[in-house]
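Supplied in structure tokens, the structure appears directly below.
Going in written order, the chains are labelled A, B, C and D, and every chain counts its residues from 1.
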Amino acid sequence: MTYEFRLRRRVEFYETDMAGIVHFANFFKYMETCEHAFARSLGTIVHPGENDHGGVVGWPRVHAECDYRRPLKYDEEFEIHLLVREKKDKAIHYDFHFWKVGEQADRPLARGKLVVVSVGHINGEVKAIPMPAIYAEKLTVAPSEILARYEVKA
Amino acid sequence: MTYEFRLRRRVEFYETDMAGIVHFANFFKYMETCEHAFARSLGTIVHPGENDHGGVVGWPRVHAECDYRRPLKYDEEFEIHLLVREKKDKAIHYDFHFWKVGEQADRPLARGKLVVVSVGHINGEVKAIPMPAIYAEKLTVAPSEILARYEVKA
Amino acid sequence: MTYEFRLRRRVEFYETDMAGIVHFANFFKYMETCEHAFARSLGTIVHPGENDHGGVVGWPRVHAECDYRRPLKYDEEFEIHLLVREKKDKAIHYDFHFWKVGEQADRPLARGKLVVVSVGHINGEVKAIPMPAIYAEKLTVAPSEILARYEVKA
Amino acid sequence: MTYEFRLRRRVEFYETDMAGIVHFANFFKYMETCEHAFARSLGTIVHPGENDHGGVVGWPRVHAECDYRRPLKYDEEFEIHLLVREKKDKAIHYDFHFWKVGEQADRPLARGKLVVVSVGHINGEVKAIPMPAIYAEKLTVAPSEILARYEVKA
């Protein structure tokens, strides 16, 4: 049973914009990278195609958000901390916290959220369906004191 | 005085992902395009560099979010409707509503929000400073009945 | 019969990098946009899915290149000129020339090339197959004096 | 003295397009990532800003190209092999070879080239200037038999 995942990454030059910082839309790509690595760590894959995953063919996002506190720059290393905030039959709510490597203590760069829904094909239409067993079994909601720890810091 | 802007655009092939739809992060790029076109319509520019705009050199985002209702696909034309939800001394809150062209009536694709802050250099640091006069003068908050119309539909 | 297409576009903020100019990889996206608009002008579409286009389901690139002469910046308007350099049974060679609007005469920004191949499904594999009739009928190779005009300028 | 660098990476979901493969423009981002990691391995940085690197502030590309042999897909791991093909006073020519992890032997995915120029500010203009000493000292041209090995394979 797991409710968190950490990923370390370095800012690419092509992720910056003319303001000299990471373009804000790229934080959503970083969240995706972290979510997909988390799924891999569970032994599954976010976009399985038509292979058998209980009929689930993907996890479209129904909500995405990010709060930006401090800029992230070229070549800087940062860490993303994924936490499972909520788990429903057909949906997962993820929280993401961004830190510059070496500044872990109390200086968040950004925090984000994704709400994703497991979908499959029903009568030729894409519909929400129960998530694959591997998520249902292995993934759990983060304890409220872990979630709350970030509330205080932020 | 203006509080809204509309932009029409077509989905590019490179904006899609292997799920066959526009990648979710691109909706934030679409909002940016619309915000910048709105600024242009006011006679100003979002990223002025060091030219005189009351010392404002840019508008970093402090918050971005999007709710996704229905997928948007390659080659489809869509419309973005920007509305000014809130206007402070140093910040603007924008709402964005996405529609497929030809479906205007009651089928939103997505809705988004950006909160942007006007910044300048103060003693070598980037700080929030009052927005340029052109925004202060020309931009106004959308009437609540306009903002509310979307609440009902969504 | 046509062998050329022109597209005008403005640089988006999100297309710039920290060097303050359009990131070099984006010129390939600009070429794609122009190629797809050209196909649309012929009455067809580059990525038709499984609809009938003589069995052609897409046009993967086998070669792409770009020479960069001068930088392109945020908010600048530019024009792309597509020319058909070569046309084979299953492949098209496109040339692309980039100009800043208002500088048309003798100051190219960049020139690019794409070689694209029409493919379909044959026995479950993606293979090169003859291009759809609409390309075969409507698209022709640019006269050598048109192609040569750019050689001189460049 | 070094003339090569290898980087391993996994395909991100956001790098795919609706054809189900890595979008062709992303191979140029992969080359950039590898070039920047190579510079880091030499103890320098491709985009140093205004810090002292012999006055060099960046390395704009003057040429970029890629030949695509086989598609690369979501979640696949691949390797990029950078080789220095040519070294001039103010320019470096890089070759890049892409392989799927596990297929190293004789099945290249793609090959690419970048020609980059070291630039600095001279009288307020960006001009080509001699490359920083660290490149001049540490970087050498790949032996012709190494470069040729790929010619045979491709």
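In the analysis below, a residue touches a chain if its C-beta (ideal position, glycine included) is under 8 Å from a C-beta of that chain, and two chains touch if they have at least 3 such contacts.
Fair warning: this is a prediction, and the values are worked out from it, not measured in the lab.
Q: Which angle of rotation, from 0 to 180°, maps the CA atoms of chain B onto the equivalent atoms of chain D, to the nearest 5?
A: It is a rotation of 180 degrees, to the nearest 5.
Q: Could you put a whole-Å number on the gap between the CA centroids of chain A and chain C?
A: 36
Q: Distance from the CA centroid of chain C to that of chain D, rounded to the nearest Å?
A: 24
Q: How far is the middle of chain A from the middle of chain D, if each middle is the mean of its Cα atoms, in Å?
A: That gives a centre separation of 30 Å.
Q: Taking each residue of chain C in turn, which ones touch at least two of the other chains?
A: Residue numbers touching two or more other chains: 13-14, 18-19, 21, 25, 29, 32, 47, 74.
Q: Touch graph of the chains shown: is it line, ring, star, complete or other?
A: Shape = complete; every chain linked to every other.
Q: Mind pulling up the chain B residues that touch chain C in the complex?
A: 12-14, 29, 32-33, 36, 40, 45-47, 74-75
Q: Which positions of chain C touch chain A when the two form their complex?
A: For chain C paired with chain A, touching residues are 13-14, 16-21, 23, 25, 73-74.
Q: Can you list the chain A residues touching chain B in their complex?
A: Spelled out, the residues of chain A in touch with chain B are 18-19, 21, 24-26, 28-29, 32, 47, 58, 60-69, 71, 126.
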